[in-house]
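Chain lettering (A, B, C and D) follows the sequence in which the chains are written, and residue indices restart at 1 in each chain.
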């Protein structure tokens, strides 16, 4: 996290617009608060994606083209989860339980027709989990990013990075809990303060940039 | 579920041996109770798989070779879940938080080196969910089968069925809760009676055999 | 549970009518299935109470007068819980989040004006918990029966038994999960089969009748 | 929350020492951070209580004697809960699942032999809940403070305030989640930042001091 005079490159960090009737989205609030920061010699560029199946991937791809990042980390809200969830796998499936911000509710469609069934993140999830634990930030590995716009963006990200394979740009996705202000209006829900999330994202980016070979620590689930 | 004089074919139903210190495994108890039953004109053949990374897939493949089923449904215990979990996707990843029955604890290895990142089940999960709901059996769609022996078997099953593609044999995986007797010794855990599970498996197999095109009902998750 | 030729007395077991839009109530289904059985030399008399703040206690008191039981166990549905919940304490408070079956929704009123803040059950909860565990029935001790009709009935029961103190009639309350058929229509909810519940109630009544001094086993909660 | 030149009185705010193997206790960290602040014309006096059945109440009583507060709010950790839990009722029961910091593990004993079964808090819990919601702090009403040292202190507090009835000093208890740093080491657990908790306690104290008649808003539980 040592800032340098001249950043070696960029990190594209994305959050989402509000959705599902909420007035804000802590994924964007946290990401936006890091815009312009230099982490491990890389300048963070924050961009906001729409919660819309038809546009989110096109916009993401435009941002990747414009920013030419060394690393892409997309961040989305997982209302009801209680920790930073480092997503491990994106699946080629959209199945929307609720409509997106433009009224679309696709059911059982692929993200990319003809694409592989899934992509694994290329981020070092175990090293990131360990670093977050050492930093006192509640985190976990997750084996599913759902089947909504978050999964669509995650899958689309890994697909485009995979197609440009040679460039070696790494990518991944982190789900975050409600903000406290949101959780105040969702009975029983957990939350994480936006600056805790931002600090966690800083640690995650720093670790991802610094780690070439992931650590081998058990972090799976029996089911 | 109308038995016929001469079954048209077979359904291979597998459960698992006990593991994790338990003395029984309700996945085997439920599956075994259906052995020999005829469902939608197909005779159910129940087989028990070991909770062992090195052998479970070899044994599964042997059973497929011997039984030549029209459909394969593997069933495993997900202690802590509260419903029949119809699994949607198997990933090419083993990450064992606890050792298997022979002391092996592989971390971050593929199920099949060089295999695709994931396989989707070829069962009609939405039709099965709807039929279970109509039968009064608590069920849900799940987007992760974990990273343990259950996921290994599920992935290996879909891999072998995929390689034999032409034959059109369909396959899938269902996770089940603790039995009441197990849950009695796990503070706070949910359970499902073994005969409720067996009835649910009967409905699931019947629906899978009867359904060629899955129903298009929303059943996904935002995260 | 050895039936005898001539029961020494009666046990009053109550369940509730359906409420909250459900078509059945497993508390009544389970209780009713035990009606007339003889447990530990006592005949079980099953009665159904209305989910109505204005009548439930009057009806309960009438049943106590008519049956003259040696033990009263009231049973109610706790949709969302996953085990038999042996309630420990009834509080002198009604605070209805939803209206009862007659449209009443009292907020922050006492069950009995001028009554004590709470009554503890007089049943041997630890012995019952242990017996249920040995019988393979998932159970737990609960420190709150809520603030709805169940708590009203529990408090009212303990109040009337307390006022008739000399008679030594013991009483308590057990909350039960959804039935599987109900849980099938409540996303994510746990359930317990009605005959598992009935078997649990049989064990609970048998243990309560047989135990004079409760066992001293830790069964509390840090919070 | 308008500070005045000369505080009209004091508020005693207590937190607890670390326990259960933790190195810190966010209840004390949050309470201590408010020490000396003036809220609604009252100076906050923060005191730390031991997690010890034999001493906690004696120390609490000493602090009440020394501080002569207008209001007492005790705060304790409820690891696993996800929100500020405004406790409604303290019961006359100790049932320790784990030993306290001095090795004592009392089972099924009263807090005060011969005391009433329970005391309700005298704080305006509904007004506090509403104010916390408006302030964007996740909160909830709880009907059980458990059966451990927290409940002992809560019951003992209400008992001593009740015995000094004429003075009209009000008291209550709030449970709080793990801090993020603690939750980082408890798989799956929710957390709340210590300064969010502190802000919530400030709102709670302010509301309690300003409210004589509680609001009548539904806030109960069916079970």
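Following the convention adopted for this analysis, contacts are C-beta pairs under 8 Å (C-beta built on N, C-alpha and C of every residue); 3 or more make two chains touch, one makes a residue touch a chain.
This is a predicted model, so every value here is computed, not measured.
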item: Inter-chain centre distance, chain B versus chain D - centres from mean C-alpha coordinates, in Å; value: 48
item: Euclidean distance of C-alpha centroids - chain C vs chain D, Å; value: 31
item: Sites on chain A at which at least two other chains make contact; value: none
item: Chain-level touch network, classified as line, ring, star, complete or other; value: ring
item: Chains grouped in pairs wherever the two touch, ordered by label; value: A-B, A-D, B-C, C-D
item: Contact footprint of chain D on chain C as seen in their complex; value: 20, 76-81, 85, 88-89, 91, 93-98, 105, 107-108, 116-120, 126, 143-148, 150, 175, 214, 216-223
item: Interfacial residue positions of chain C with respect to chain B in the complex; value: 82-83, 132-133, 135-140, 177, 180-181, 183-185, 187-193, 195-196
